[in-house]
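There are structures below to look over.
Presented sequentially are two complexes of chain A, the first with chain B as partner and the second with chain C.
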Partner chain A sequence: MVFRGGVSRLVLAAAFGMGLTGSAMAEDEIIIGGALSLTGVQAPLDEAGLKGAEVAVKALNDQGGLLGKKIKLINIDGKSDPVTVGNNAINVIDQGAELVIAPCDFDFGGPASREAQNANIVGISTCASDPLYSSWSLGDKQFTLSMWNTAMGATAAEYAFKERGWKSAYVVTDQFIAYTKSLSKYFTQHFKDLGGEVVLEDAYTQGAQDFSAQLARLQALPEKPDVIFISSYMPDLGTIIRAIREVGITTPIMGGDSYDDPSLFEALGERFGNEIYFVGHTWMGAEAHPDMGKFIELYKAQHGSEPDTSFVATGWDTVMLMAQAVKIAGSTDGAAVAKALEENEFDLLTGKLSYSNAELGHQPNKSAALIGISGGKPSFLGWRRAESQPAP
Partner chain B sequence: MNNSKLITFVAIVIPVLAVMLAARFLGFPVFERIATLLFINMILVLGLQAFMGNSGILSFAHIAFMGIGAYTSSLFTIPLQMRGMVLPDLYPVLKPILLSPYAAIAVGAVAAMLVAALVAYPLMRLSDAAAVITSFALLVVMHTIMVNWSEVTNGPRTLFGVPKATTIYLAAGGAILAALVALYFKESRTGLLLRAVRDDEIAAGAMGANLSLLRWKGFVLSALFAGFAGGLWAHFITSYQPSAFYLKETFVILGMLVIGGAGTVSGAVLGTFVVTFAFEALRATENALNSSSVFPWQLVGLTEIVLALAMIAVLVLRPGGLIEAEEFGATWRKWRRRG
Partner chain C sequence: MAVYVQFLIDVLSLGSLYALMALGLVIVYGILKLVNFAYGELIMVAGYSLFLLGGTPLPWLVMAAIAVLMAIGAGIATEYAAFRPVRSKSVTAVLITSFAFSTLLQNAALLFISPRARTVPLPDIFSDTVVLGGATIPLRNILTIVAAAIMLAIFSFIMKKTVLGLAMRAAATKFTMARMLGIPANLVITSAFALSGLLAGVVSLFWLGRIGSVVPGIGLEPLLVAFIATVIGGMRSLQGAVVGGFLLALIVTTFNYSLPPELLKFRDAFTFSLVILILLWRPDGLIKGPATGQRT
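Entry: the complex of A and B
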């Protein structure tokens, strides 16, 4: 009897367990669900976003909530695994979530947005920047808070070519995810359009932890490039930059928002952390936005320390963007909130943001923050907006 | 089908149907999702059982064939207008071919079987440790191909846009079919000969059993199961990347089979159920503990650790798994006769 008896008892136990965990939906609260990853490769970006989102939820609730209801944030660790992220999104929607915060990347965050779309609710990624994060591929109620890589790559290319006069570039692309691939694609395309020359395009794959083959090719170049563009992700990004700097190459290095990670600054330190520039979402100081000081204070009060990356602002902004859109729409209905997002301009810590309509992919129209690393410390170089950008 | 086999089959069908109906009508979408994945895993475990249980050779390559089934079937079902965005470098020949998901899942299963038929023949001449290690190497090779063949897999990045077609009914039906085939194969001429080879390679060989051909047949059948499960999985999950078909999934499926008992079909099914429920219960516990902050730190990896410990415990206490050697039907009849 082990077989059937055991199984049916297990079925009962499981059914009972599910009954207990499925929470009762309260009428007087609006649930924002999240599947942000607190472990794995995505954690440095998502955990910061979640912390910022928590501050925003508390701030909104302290001001009386949204539409007269309290906001509740439920996040289940997506573990940097797209399948788990999708499962967790279903789980939080099941628990009554009316808005979904998706992880900060197309590969990892896409599944959450797809499930939000299936449930007819709005999903916003905190900072996915691949143009695939669009209404074309995810659905007409899905958005990303970030600028697209078309803008990020173009901004980097214009800074390099126009502001600094760097005419030749060496480009390294991590084959890891859509973000890393498309960022260097748009940088390369725009850099060439401007008249620059890409002397070598090289590939790397996250996890290899060995940059020696690429380094040999870089050193063998007959003419040294003016700038090195590396589109990769932490932790390997730190390894790559160190490998380049360790052999005495001091050529400026550029990249995208994945550089905005305190562990990168630490990995490079004073010795290797020089002449590095990247295009990010914002800067954690009053130079970037007048309200930044207020946010940092609230953040300190809630988490006990200063924010160490600007990704915390993407979490705050995502919740605030949702709240403003819900207020305009007057409800959390997916179609109404999506319409509010499409038709308005929002003033956020990561810059002013408006979206194109669903036919045009919900392309975000947004400024980019340019940040430099010198002596292992980041500093804000100001807001930039690319004059033109490649088509996605 | 004799009486004992019929009882075993019924004993497998009943819990499958019970879970399916409970999941469908209790009204928790999450539960339905878990049940569907359970059925898909059951097909994978049964496929592995068909080869591993009968031949006695541990195979690590199983999940790679699941990947082949998933990618092949998805290639034919991603909507045409989306294909350029998902797979920008897809070969022009493949661009206009659109199949219904069901046909595509069948194509995926056959593709996995054909690949297995091609690569396995030389490997099946090996025995013992050499066979196990080459199967592991095969998994690594296939994974590397999936990661780098960007034209059809989108490289290490997510393949998306796969339409959702796998329902809980389809998965349950597939699981029942898989159980039927696994039971039939075990008692078939090939299955019996294969088990004879497993129990005494030299004696069976001396009697004229062609051991590499027998193993090859088992392996190809097992790849068919895996490819079928992969197609179902792909059309359930709808977006995935090659890392889904690698070590983690391999150990989950192996864990289910080893805990349940590799030698029997009943064991494979029991293992799938037990591990799935244990997994979900632990995950719920982990989430509940984390959200209620009983501990000042976040609990991470509880499920994986407990599963590994359970595997060790089973191997120490019952090396053959929960149902070691005798199918449930035979046990049931003995028990009836005695009682």
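Entry: the complex of A and C
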């Protein structure tokens, strides 16, 4: 971290040394800069977000642009490396970016937001959900489009405990990144607050591809849990669920937005893809939002295929959120756009969204989509909003 | 009782895969004294071959055979692209080219397929279970052990009873001498890469069988596992690679079973501490191979 800060400050100094011509040249266009990762572990989430963002930029330009100017999107591959992400953010800001799209995670997206903050412009992560993605840690002009894990975990806990009456849970936490760890933490905390019992908390490490020992412990439990909560990432998420289902355990399984991946549904198939529920960002159908059909049409026209995950909607929403806030603010000035984001409610494909003020961390107030998997096919169970949330 | 059966099967099935992975790495290392860092990508190639064949009406065994052939092809391609042009010049150059080839393959998968996981077709038998001594065990784990035993038998037959195997063992002991006695260097090296690809291909079927899908970075863990297993077992010994693979699986599984969940997140730290202890006790690995010769 210290090393990263040092390097990027050095590069920043060099960028300033070379002159501040960048922001002056864009008179008739508004540049949105991105450092989304198209390679590495972060690529599955960021590539989808970027594709959605591209569709949004084209849609806005077809309608006449923003504040009478054309929008231009410049993204430089962040390579799933925090240092590269930070340097690329500096690069796009130097090219005149007035708004920054940050990668979909605190560990990888944070550096882009910090550079946006240093340049006094608004940065929004497409779907970082760790509560670390807040104005507290990143600055008063930084936001995330996603609900926090406090909301994601609480929504899952309330669905399990209140709607389904599941009283005992077995929790598996992938020790991979801040996201996987904090999601389990808030689920466990809220599930206990509601009166549920967590019978066993187990750990897993992404990449190990071996769930046998955890499975042995699960099978050895004297009393079977009512629900299994797994916070992990693809592809290992598929391994874990398959391993559990293979030995004939049909207990309901719950998780967060990382389940929203068609390759998971396929990997589980008809045989193992049952009784699985997760809290995600949205559902790619008209049930979630009346404009979803229009977005999918535009997406198909631009990219030539159906979107393969709902994460594409987070990219579209990030650009649309920026555009709406800029319209309200009447300029791309960082402070004015941040104020517009704090004071208004936005109707997005991923749900209605409003933010708390900077003192309260820019906590997103947002509904969550509840999705179930049955027979290997996902279906939309409706929007949910947790009645209360654990403190971050 | 049930838990012991489960433990035993887990160790043996994981160990079988680790041993085959390690063997694939060490067979090239033995001759060239160079680690092939593009080794993990052979598994990726086999995985994506399976994915691409997934839509076809071919029976699974045919798909699997093609996937293994693709891995062998990729192994030979590694030799031609990354090793042969520079191998006689500098060790550093080969290190870089093998890394470069690995990155090239990974990025090709990213670019032409997708960064998102892709599902591979699996036979139904991989998802069935059997009850053994009171424990429910995936049949795939038993198949893994059987397949590994067959592979090891074939491998040891090739190495011990055929001329090619003899040539390869000779080359691994003292390459210059072997060449002077008329063993064609390129043939031996290409064969080593092909065998390495065969092992990786077979491993990939069972490794992907656990996961159900393939991603561009799938090869990292197998490469790491194979590398550690060979270091424990002895970098110059084929038996050592097998022993190292099983031992690593035993260590990993034992920690998985015995560490409390709070400590489980530090499992790799425990594993590597133990590996360090083993190396302090046996700096050359558990089994010392033939005295090393000069690099080609």
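Keep this in mind: the second predicted complex is superposed on the first by the 367 of 392 C-alpha atoms of A that agree within 3 Å, B and C clash if a C-alpha of one lies under 4 Å from a C-alpha of the other, contacts with A are read in each partner's own complex, and residues count from 1 in each chain.
Methods note: contacts are C-beta pairs under 8 Å (C-beta built on N, C-alpha and C of every residue); 3 or more make two chains touch, one makes a residue touch a chain.
Keep in mind that what you see is a predicted model, and the values were worked out from it rather than measured.
Chemist: With the two structures laid over each other on chain A, which partner does A:P111 touch: chain B (first), chain C (second), both, or neither?
Modeler: first
Chemist: Name the contact category of A:V247: first (chain B only), second (chain C only), both, or neither.
Modeler: Once the two structures are laid over each other on A, A:V247 reaches chain C alone.
Chemist: So, does A:L132 touch the first partner chain B, the second partner chain C, both, or neither?
Modeler: First partner only.
Chemist: Once chain A of both complexes is superposed, is A:T205 in touch with chain B (first), chain C (second), both, or neither?
Modeler: In the superposed model, A:T205 contacts both chain B and chain C.
Chemist: When the two structures are overlaid on chain A, which partner does A:F295 contact: first (chain B), second (chain C), both, or neither?
Modeler: It touches nothing on chain B or chain C.
Chemist: Report for A:Q175: first if it touches chain B alone, second if chain C alone, otherwise both or neither.
Modeler: It touches chain B and chain C both.
Chemist: Let me test your reading of the model: by the given contact rule, A:L38 touches which partner, first (chain B), second (chain C), both or neither?
Modeler: Both: A:L38 reaches chain B and chain C.
Chemist: Between chain B (first) and chain C (second), which does A:Y277 come into contact with in this model arrangement: first, second, both, or neither?
Modeler: Neither partner.
Chemist: Look at A:P82 in the shared chain and tell me whether it touches chain B only, chain C only, both, or neither; answer first, second, both or neither.
Modeler: first
Chemist: Starting from the residues of chain A touching chain B, keep only those that also touch chain C in the other complex, and list them.
Modeler: Comparing the two interfaces on chain A, one with chain B and one with chain C, the shared residues are 38-39, 175, 205.
Chemist: Touching residues of chain A toward chain C in the complex: what are they?
Modeler: Touch list, chain A to chain C: 38-41, 43-44, 47-48, 175, 200-203, 205, 207-210, 212-214, 216-217, 219-220, 234-236, 238-239, 242-243, 246-248, 261-264, 266-268, 271-272, 308-309.
Chemist: Write out the stretch or stretches of chain B touching chain A in their complex.
Modeler: Per the touch definition, chain B meets chain A at residues 11, 14-15, 18-19, 22, 26, 28-31, 33, 82, 85-86, 147, 155-158, 160-161, 237-241, 243-244, 266, 270, 273-274, 277, 280-281, 284, 287-288, 290-291, 298, 300, 322-323, 328, 331, 335.
Chemist: Chain B touches which residues of chain A in the complex?
Modeler: That would be residues 1-4, 6-8, 10-11, 13-15, 17-18, 21-22, 38-39, 74, 76-77, 81-83, 86-87, 90-91, 94, 106-107, 110-111, 114, 132, 136-137, 175-178, 181, 205-206 of chain A.
Chemist: For chain C, which residues count as touching chain A in their complex?
Modeler: Residues in contact with chain A: 3, 6-7, 10, 14, 107, 110, 114-119, 127, 129, 136-138, 207, 210-215, 217-218, 220-221, 252-253, 256-257, 261-262, 264-265, 267-268.
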